[in-house]
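Next come the structures, one after another.
What follows is subunit A paired twice: with subunit B in the first complex and subunit C in the second.
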Partner chain A sequence: MLQQPFEISGLALLAPTLLLGVTALVLFLIDSIAPEESSSALLSGVTVTGSLAALAAAGAILVTTGGDPQDLYGGQLVVDGMSLFFTFIFTSVTALVALASYDYLEEFRYKAEFHSLTVLAATGMTLMASSNSLATAFISLELASLPSYALVAFLKNNRGSVEAGLKYFLIGALSSAVFAYGISLVYGVTGHLQFNQVAENLGAAGDGLVGVLGVGILMIIGGFAFKTASVPFHWWAPEAYEGAPAPVSAFLSSASKAAGFVIAFRVFTVAFPQATAVDLGIDWVLAFQVLALVTMTLGNFAAATQENVKRMLAYSSIGHAGYVLIALGALTGSADQALVLGAGMLHLVVYGFMNTGAFLFIALVEYWGVGRTFEDYNGLGKQAPVACVAMTVFLFSLAGLPIGGGFLSKIFLILAAANAATIGTYVLAFALVVNSALSLFYYSRVVKAMWIEDPVTDLEVGGYPTGLYAAIVVAAVVTVLLLPGLGLFSGVAFDAAASMIQ
Partner chain B sequence: MVPIQYYMMLSAALFCIGVFGILTRRNALMFLMSVELMLNAANINLVAFSFQNGNLTGQVFSLFTMALAAAEVAVGIGIILVLYRNFSDVDVTKATTMRW
Partner chain C sequence: MAGAFDFAPAIALLPFGSFVVALFLGHLMPKRGALAGIIATVGSLLLSIWVALTVLGGETYNEAIYEFVAVGDQPIQFGLLLDPLSSLMLIIVSLIAVLVHVFSLGYMNDEGETGLPRYYGELGLFTASMLAFVMSSNLLMAFMFFELVGLCSYLLIGFWFRRDGPPSAAKKAFLVTRFGDYFFLVGVVAVFATFGTAQFAGPESFPRLAEAALAGEGEATLLFGLDAQTWFTVVGLLILGGVMGKSAQFPFHTWLPDAMEGPTPVSALIHAATMVAAGVYLVARIYGFYALLPTALAVIAFVGGFTALFAATMGVVKREIKQVLAYSTISQYGYIMLALGGGGYVAGVFHLTTHAVFKALLFLGAGSVIIAMHHNEDMWEMGGLKEKMPVTYYAFLSGSLALAGIVPFSGFWSKDEVLFETLIHGFGSDGGIGIALLLAYAMGLVAVFFTGFYTFRMVLLTFHGEPRSDTARDPHGVHWNVKGPLAVLGVLAATVGVINLVPVHTFVPAVPEYLHDWLFYGPEGLNGTYYEELLHNVAGVDPGYPLGEVGTMLASAAVSLGLALAGSALAVALYRGDSPVEHTDRLGSAKTVLFNNYYQDEYQVWLAQGLTMRVARGADKFDQGVVDGVVNGVSSVSLLGGSRVRRIQTGIVSNYATLLTLGLVALLVGIGLMGGWF
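Showing the complex of A and B:
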């Protein structure tokens, strides 16, 4: 068999992934040269530079290729508008988290390991966005997950962090085994792992193997449900986000969730096209409609009963996973598929900024040593007005008020659900509106505590850390700018979705 | 040639033993072993289907799965070690500092 010529263009197209990988190795190198005197500024600086370089590379590739799909390594990977769009989310969240970690990690040891694990997880996420075969999807999903387990358990003398890491790891290991078994069943029926070849051979299930294929697809949905923190594999999320260091919660709840969705988008539109699947009798759209409804309702109701702000945000993150699941639940035959997927992508990009910002505010509060319940936030607005204005922006944008991009992206999701025009999607659109109204209740409890209530004790915030403030302010500015800016962005998202589907 | 159904029965049985172990065992190490069983059930499927379909994709993928299982155990043992240091036990039901 002839040796394949080495593809130079492949390396250039994978520049964002490679830059992130190299950044992780550089961090290890710095640490191995001077392990004891690791400077927070240097390590954060390298991470932010590396992520921004990857971001710039993704932008350059998007401009030069115009988002046309480029197959790499015999079709195992594909670089297209979709993968580059999500690379943009992952790298900006990584940069924000690294910037905030500059202050947060000041007192900790093992700073270099923290940063390199974050960047390694981001590398895995960018690979997830480009994977075009169930094999690369599984491997890159693990590359994103394994560093995350270690990151959640990073505070190894803190019982909460260790417990969170354990639960995250146990459910992650279980769901990856379920995912692998699902892949093996799909492979058994179709004989292929590459998405387009799986789609071509789905018909082979016609002769009595529909059950096997259906179980396989259900198990694959389980794998994605874990990564996106949706029902039924959502139990780890409140524990992991509450126990983990706040910058890690920010990273996981924004970037990791987006990574789970991009791979789900690609698998279900390319490998199991809705029309073929329905012909076989496997209506995965219905499964996603049920999951979306249950996930958003459960997340929001649970969030409304919380006393701990971080845990409230964790449940609200489950609720938002439910909103984005609409993008899969509305992929019915009658829907404009590019509009539906594009709406999900836009919500994820806005969510990437507003949710990262909200968790970084929690990081700031943890840095000050203020308590974790709503009452502990009383009167923070007078002490730290800038950060609290930013937090107000994040929370109202998460609720969907027209103060940040969250308003427009929810409108897009409702339009997408209405466009699909089936009873199920109308129910989803209605549930989205009801749940957003409910979410306003618990988000405004934080706002009320910060601005209106008087502090119970003499509250004195300890300093105004530069890195954390910078990250929060940048996230707030981008969240607000995305309200007018989403109009510009939406074209890119809809084109990317359209080019993946055809 | 052994019919493919036999392999599927074997792997399904192995998978169910794994699930049963996860649901009943409290020891974190036992939990890890049960996950290994489930991953190996997937491997049996992959290799058997690879033979059935006449291509090597499945066999190659099962090699990847094994390597990933090893990596997962390495991270998992690390987490179980810090669990033991903090809670003086590897019982997964003991770690309950957070409650909803």
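Showing the complex of A and C:
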């Protein structure tokens, strides 16, 4: 961090978001020039370049401002360590997914639409990370969601994909309605939309409006629960992840989930500070504790009995949402709030790589045309050892074994829960451990199938696609490096969390 | 200029090198690794002598050479402690190791054994571990090498792993000593917990801290609310557990006779210089600690005296030559313990030295006999070997006279000093410890008689009379590589006593008492003078002379020599002549008890099978039933729950919308009721 932060003007602060938006427009441009001859290399290249440029811009801004909050547009947006940290996650995932799509989309038409929708969704996510008012939060959330619906239904001739897209859209519409209604209730009580002003006016609920405010806050939780695929708004997730093309599943389960969390972190620490809310009788920490417990347990239990690997990963993704919810459920008055939020952020970083990698491995398997169940993975280790080693790393890191960053980030979550030191958080820490143990069971099934079992039928993988392999290997290397390197991020994460809370 | 101490690590590293060389390249070498071992141990011997000469010049060395946990003021480290005691022991160990290596050429190579690279590799590692143990500067390092010594003895005893006996004997040696080491390990941890350091020497060493704590000056962490004296005694006794296991003291002695299943040169190495000696050496090493604890001293002396007598009686009836030696080893280590417990620090080390020489000699002599007898060890099938193998006979006789304690052979001087020291400290000390020492002395004294008896029974049956079997009539010849070590040791066994002629010194002050001076004027806090002060000031152990100093000494020497002669004479009377007969039947029912070694094995087997096995089965049941049951239960509940959860995901989107809404409502109602919104 620099000693004296520089002042950067408004537009430059939004450089990551703008870069992503411009990338989307460039993609449209390319597509409108030659709609039928879309080159996979060109489109993927533009997307990867655009997202990496956005990533670099975020890094540069973080170094220049030192992560100090910078208000924009009268406080509607804010660029601070938290938003830049999450921009890093979104752009990394986008780049990985775009790289993998180079091969995955080879045979498809409408490649340009795919890429531009992805980038537009990423644009919405970066805006979510910077939102500082309920209005911008809602709009950016929709900006992130709408392209996602289309992406899930991208395989137009595939019934599963289309059905999943429709379900996703319907549940999404319902959730958005709940979210919007919650916003209106909060506005009705406090008279403000901007987070810090909402916080200042929470006291207005004192005269009999606590119930209204409470219902509003819980409905806003509902909106975020939809985005993060948390119980009870998770119903869309297994179907959408399974039906969607695997790179889209990777994108949604990693980046989109992180976007839901960043806005939740900001709203609940800035707009509804825990101390004030509890004084009013609105114990949202308890609500998050319940959600975390139910979400991680349900996700893992359901994952344990799946036969389809992609669906198993979908449920495991729900389970991981439960783990990160600990970061909100442990924001009790007794906790070191920076530590708690930082732990959640760190898990999302690691998760961004290991989970994206795991879904991209599924994409690779789909590319090969190998089946979807555990048995179909038998003997893959002999055919494609590099990819299978990477997959093993992802799965064991997801389970929390000390082979990748997932081990450390889970330890941070446990530390955070222990630091809060209430019965509820101890229960959460315990549940995290039990669920991780259970998750090792179903992750190991994949590893066992790949390495130990003999193939049922003659198995022949069709080629070794460069883009997919590159993306998987990068994700695996980063996952492993995050084990020793998480310390690098933890400082940034804890600083970012601390500066947002004050 | 680099001095001897700079090269001291090589004393242990050389045999370690021979271990690596013999193991990996031994099959390519002409003598299968023996030469590497001999060169390395000769190198160690020369370096040890150099170190000893440097120590003689008044220098000592106590430095860390590697710190592996650099935490706190007293990091955990590997270090070297080179003082009179350790340099003496280095010479003994490396000397015996050289001779055993040479002897192995005759016993193993010439007999056409296979697996020799493994043999010499293990021998090298064994020697290296023992030398490193001797040089250890702290208790933890000592413990590590103590364990390594135990491991190597396991490997060597079980060298002939394809036969039935050796693997089982190796396992027994390993398990029994491990049982003792378990206490030792707890003791090491207790020392760390109490003093924060495990250093042997220096002002911050744990014996000095213990002394300060007992004087009420220093600080030590006392556990379980015990007072300093009691707690230190507990710690001392825990460490003593390891000592008793390794030095085969009652009731942990049962592994040693079985260990005779190993190759005979290995038996010589184990019983004279290494594994068994490691135990008592440890007591001498931390004598500054034990000298503070009268109860621990009494226990050491009493265990030692009892073991000396107990093992000697069992040696009386054995038929195999190595079995007699095995029980004699147990008995002699009992004497060393008796001396250390009885306040005779120098006497204990003296007997350790002489015993190393004459017991190595006896084992190698037995090995020579066994070669000659085509590996038949039964003494009742020998006889008349005196004429056929004169070198072996005279060397063996020298060792036997030393073992029996006949003047002027080395064993007489050391055993006499052991008994004398115990006696005077028994008389001079008040209270329980005085009585305990006198009782221990009495047992040690009686054991002298049995020692003389079984020694000469062994000599007569093996070498005298008419040959009692065809092999004895026509024994297999032995080469220089067997005779050489025997000759060296035979001379040493007769003469090594001159290093400490204390009784003679009393009359003729011109006769030096080297060992006494050597050990008494060592570095600060590690010498005999200091230990005597501690014994006097802290433990209340003092010498007392009921017949005056000279009178007591003469009386003690006369009594022990008389008993040794009486025992020897009885053996000669019973077993002389051309065809001796067995007299064991005259013992009546005692014979059965003795042949069965007082049923020690039986009760220990019962402990292992009847008791431990049952407890283990119970634990296994608990593990299988309760622990595994819970685990299995959890997993089946998880899977069942999982499939239920899976069923809710119906795939119908209106169900999802309903459930979503219901879930939100449930959350709203729950939180609302708790927050009192309504």
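Rule of thumb we're sticking to: the second predicted complex is superposed on the first by the 494 of 502 C-alpha atoms of A that agree within 3 Å, B and C clash if a C-alpha of one lies under 4 Å from a C-alpha of the other, contacts with A are read in each partner's own complex, and residues count from 1 in each chain.
One rule holds for everything that comes next: a contact is a pair of C-beta atoms (placed from the backbone, for glycine too) under 8 Å apart; a residue touches a chain by one contact, two chains touch by 3 or more.
Quantities reported herein were computed from a predicted structural model and do not represent experimental measurements.
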Thinking of the overlay built on chain A, is A:Val210 touched by subunit B (first), by subunit C (second), by both, or by neither? second
Between subunit B (first) and subunit C (second), which, if any, makes contact with A:Asn157: first, second, both or neither? first
With the two structures laid over each other on chain A, which partner does A:Leu218 touch: subunit B (first), subunit C (second), both, or neither? second
Is A:Leu170 in contact with subunit B, with subunit C, with both, or with neither (first, second, both, neither)? both
Thinking of the overlay built on chain A, is A:Glu242 touched by subunit B (first), by subunit C (second), by both, or by neither? first
Once chain A of both complexes is superposed, is A:Tyr149 in touch with subunit B (first), subunit C (second), both, or neither? first
Now for A:Val178: first (subunit B), second (subunit C), both, or neither, which partner does it touch? both
Between subunit B (first) and subunit C (second), which, if any, makes contact with A:Ala302: first, second, both or neither? both
Just to be sure I read the superposition right, which of the two partners does A:Val290 touch: subunit B = first, subunit C = second, or both, or neither? second
Overlap of the subunit B and subunit C interfaces on subunit A comprises residues 166-167, 170, 174, 178, 238-239, 302, 306
Quick check: in the complex, which residue numbers of subunit C touch subunit A? 635, 638-639, 641-643, 645-646, 649, 651, 653, 656-657, 659-664, 667-668, 670-672, 674-678
The residues of subunit A that touch subunit C in their complex are 166-167, 170-171, 174-175, 178, 210-211, 214-215, 218-219, 221-222, 231-233, 235-236, 238-239, 280-284, 286-287, 290-291, 298, 301-306, 438, 441
Interfacial residue positions of subunit A with respect to subunit B in the complex: 134-135, 138-139, 142, 146, 149-150, 153, 156-160, 162-167, 169-170, 173-174, 176-178, 180-181, 183-185, 187-188, 191-193, 238-239, 242-243, 302, 306, 311
In the complex of these two chains, what residues of subunit B are touching subunit A? 4, 8, 11, 15, 18, 22, 28, 31-32, 35, 38-39, 41-43, 45-46, 48-50, 52-53, 55, 57-58, 60-61, 64-65, 68, 71-72, 75-76, 78-80, 82-83, 85-87, 92, 95-98, 100
